[in-house]
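In order of appearance the chains are A, B, C and D, and numbering begins at 1 in each one.
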Amino acid sequence: MIGIDDEEFIRGEVPITKQEIRVLTLAKARINFDSVVVDVGAGTGSITIEAARLAPNGKIFSVERKPEAIELIKRNVEKFSVDNVEIICAEAPDGLKNLPELDAVIIGGSGGRLEKILDILYTKLKIGGRLVLNAITIQTAATALGYFRTHGINFDAVQIQITRLKKVRAHDMNQALNPVWIITAEKV
Amino acid sequence: MIGIDDEEFIRGEVPITKQEIRVLTLAKARINFDSVVVDVGAGTGSITIEAARLAPNGKIFSVERKPEAIELIKRNVEKFSVDNVEIICAEAPDGLKNLPELDAVIIGGSGGRLEKILDILYTKLKIGGRLVLNAITIQTAATALGYFRTHGINFDAVQIQITRLKKVRAHDMNQALNPVWIITAEKV
Amino acid sequence: MIGIDDEEFIRGEVPITKQEIRVLTLAKARINFDSVVVDVGAGTGSITIEAARLAPNGKIFSVERKPEAIELIKRNVEKFSVDNVEIICAEAPDGLKNLPELDAVIIGGSGGRLEKILDILYTKLKIGGRLVLNAITIQTAATALGYFRTHGINFDAVQIQITRLKKVRAHDMNQALNPVWIITAEKV
Amino acid sequence: MIGIDDEEFIRGEVPITKQEIRVLTLAKARINFDSVVVDVGAGTGSITIEAARLAPNGKIFSVERKPEAIELIKRNVEKFSVDNVEIICAEAPDGLKNLPELDAVIIGGSGGRLEKILDILYTKLKIGGRLVLNAITIQTAATALGYFRTHGINFDAVQIQITRLKKVRAHDMNQALNPVWIITAEKV
């Protein structure tokens, strides 16, 4: 199963990848029961946790630079009782060089060093593996698209706009979430 | 000119019709220099003010039930120096029966009595006049669409989703506004 | 795994539930390895096929009225080698009464008889089961929301707008898919 | 008045700026009764025509490279009886250097030479004038945003997603138009 409700995660002030975006990101990453995955910019760990449950025989490397987020990831790992997560407290691309070969790469945040991160992680990606990137700014999206184009890497991209319907008495009111680009590259 | 920036209005806590929605609503209402217009659920008066400037030889009836909003409308009328606005403090459909024939009807809020409001205002609409309704809940939109269909009234409808790009250092971040339906009926 | 590419399905002229909508629908239905599921208005069978793979020890009843769609479902069942699908050629609510208890109900199309379909299928839904409905018209969405509200059934709803980025030489061009409401009810 | 229906323009095969995008573009350009405006990549001339009606004492330079589009602009100028349009058949930035000082610049298409076009037209823009650009690819949007940022030019940007409701018997079906970025710069 996939698609844990946002409220079930221990969250604090750290932004969370919303359920719908998380589900689509994981689907596009094609995570298998034995996938080795890195989640860069893991935030609360919501993608890490769901990936860990999709890959019980695999392993998830959860990379995050902020100590308060690291704390949340730890608590969510505990809450959801997953035992295949390794948390790496580092600012990517630091901390990525020692990773093993990867089946899937998920990049939720890049702290402005996206190209260096892509250089390292695309190298570590196995043939047939997938790299999925979430972007909330046009510059991050354009940088990723430019990178894949320049390097002749296969990709596709979608922008997802979710509007939740919020109950207000007998009415359901449009409540928009911020659109996110999901960009997927495949190593062929 | 049309499309006053949101920040230029005196606003308080009352929700404002965002510039883009306001501009499209006014365009679809086809307000002319001598149009007689009613703005129901006027809120801060942003639509009232822009309509007043588009119809310098016309008249705008601005209907609003909340005293604090009435106060804002008055202050915005003063700030933008328009002299063709009549403010009516009433909960529609109350206060609508004494209106003259209308060239355009704009309904921003209906307080759940939409059908009665439509009954009265469609009757007052001149042949060739336009009624434009903004809906932020699916029930209001469906009620309006059902009303126009049942009464054999010509209409068209769009849903508008605006995402503003918010500057965050060197990036422009997606920041969604809630989608709004704009439903336009014409009396033929 | 979840999220078969649209192009992998045998399609003909029958509309397909796009990958992203399909993935989110299946996630919200919380299909388990042994779930018993009905897919009403199955179309090409894309949801049926993915549900069948998520529930290898379960069973999927795939209900569709159009003979040409039935043919496509059969061919997709064969192509994807799933053996836990039972195809029912009927116009719902016909064909639903003999279904067993269900873990999940997915309604992609209702042919205007939504309330009768909901009456039957909600009864057959197990406690804790989920009913997920896709709507592409405001009337279908409003009818479903009204039904759940009237019957005191727990629900939540989102509207999903996907924009695919289409490659045009060195550019990626916005290409919108039609927004879909995904409405999820849970039997508690 | 602003907001001519798309169907009223003579169109052929040339893409038209849809009514809602056109209205917002013109509003953000703040066209006045005596504005001097250039419309680059004029296509069918729909923006040119509406600008010409908003600026009866001004002048609109309508720049377009495709002969078949030029023909459509001419026919639309005639149909809407505007007499303040000068059509320039050229591939921008060619044909822009002889323009006078401008109150408003509208760029609907740039044929990949956006930065050179911006160099020339921003120079010609009067203090207080507005430049409004429509982008349908992320690269064009990112290039424009980068240009304004690098040159220290004030800007704001929105993405607009319109969904038209198409009547299908008793239902109104979501029918998405492709999202467009509208980027507005002001010379201060």
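Annotations
In this text, a contact is a pair of C-beta atoms (placed from the backbone, for glycine too) under 8 Å apart; a residue touches a chain by one contact, two chains touch by 3 or more.
Source: prediction; values computed, not measured.
Chain pair with the larger contact count among A-B and B-D is B-D, by C-beta pairs in contact. With respect to chain C, maximal separation of chain centres occurs for D (centres as means of Cα atoms).
Chain A and chain B have Cα centroids separated by 42 Å. Between chain B and chain D, the centres computed from C-alpha atoms are 26 Å apart. Annotation for chain A: residues touching 2 or more other chains are 138-139, 145, 159, 161, 163, 165, 170, 172, 174, 179.
Contact residues on chain D toward chain A in their complex (touch as defined above): 138-139, 141-142, 145-146, 159, 161, 179. Taken together, the chain D residues at the contact with chain B in this complex read 1-3, 19-20, 23-24, 27-28, 30-32, 145, 149, 156-165, 170, 172, 174, 181.
Touching chain B in their complex are the following residues of chain A: 136-140, 161, 163, 165, 168, 170-180.
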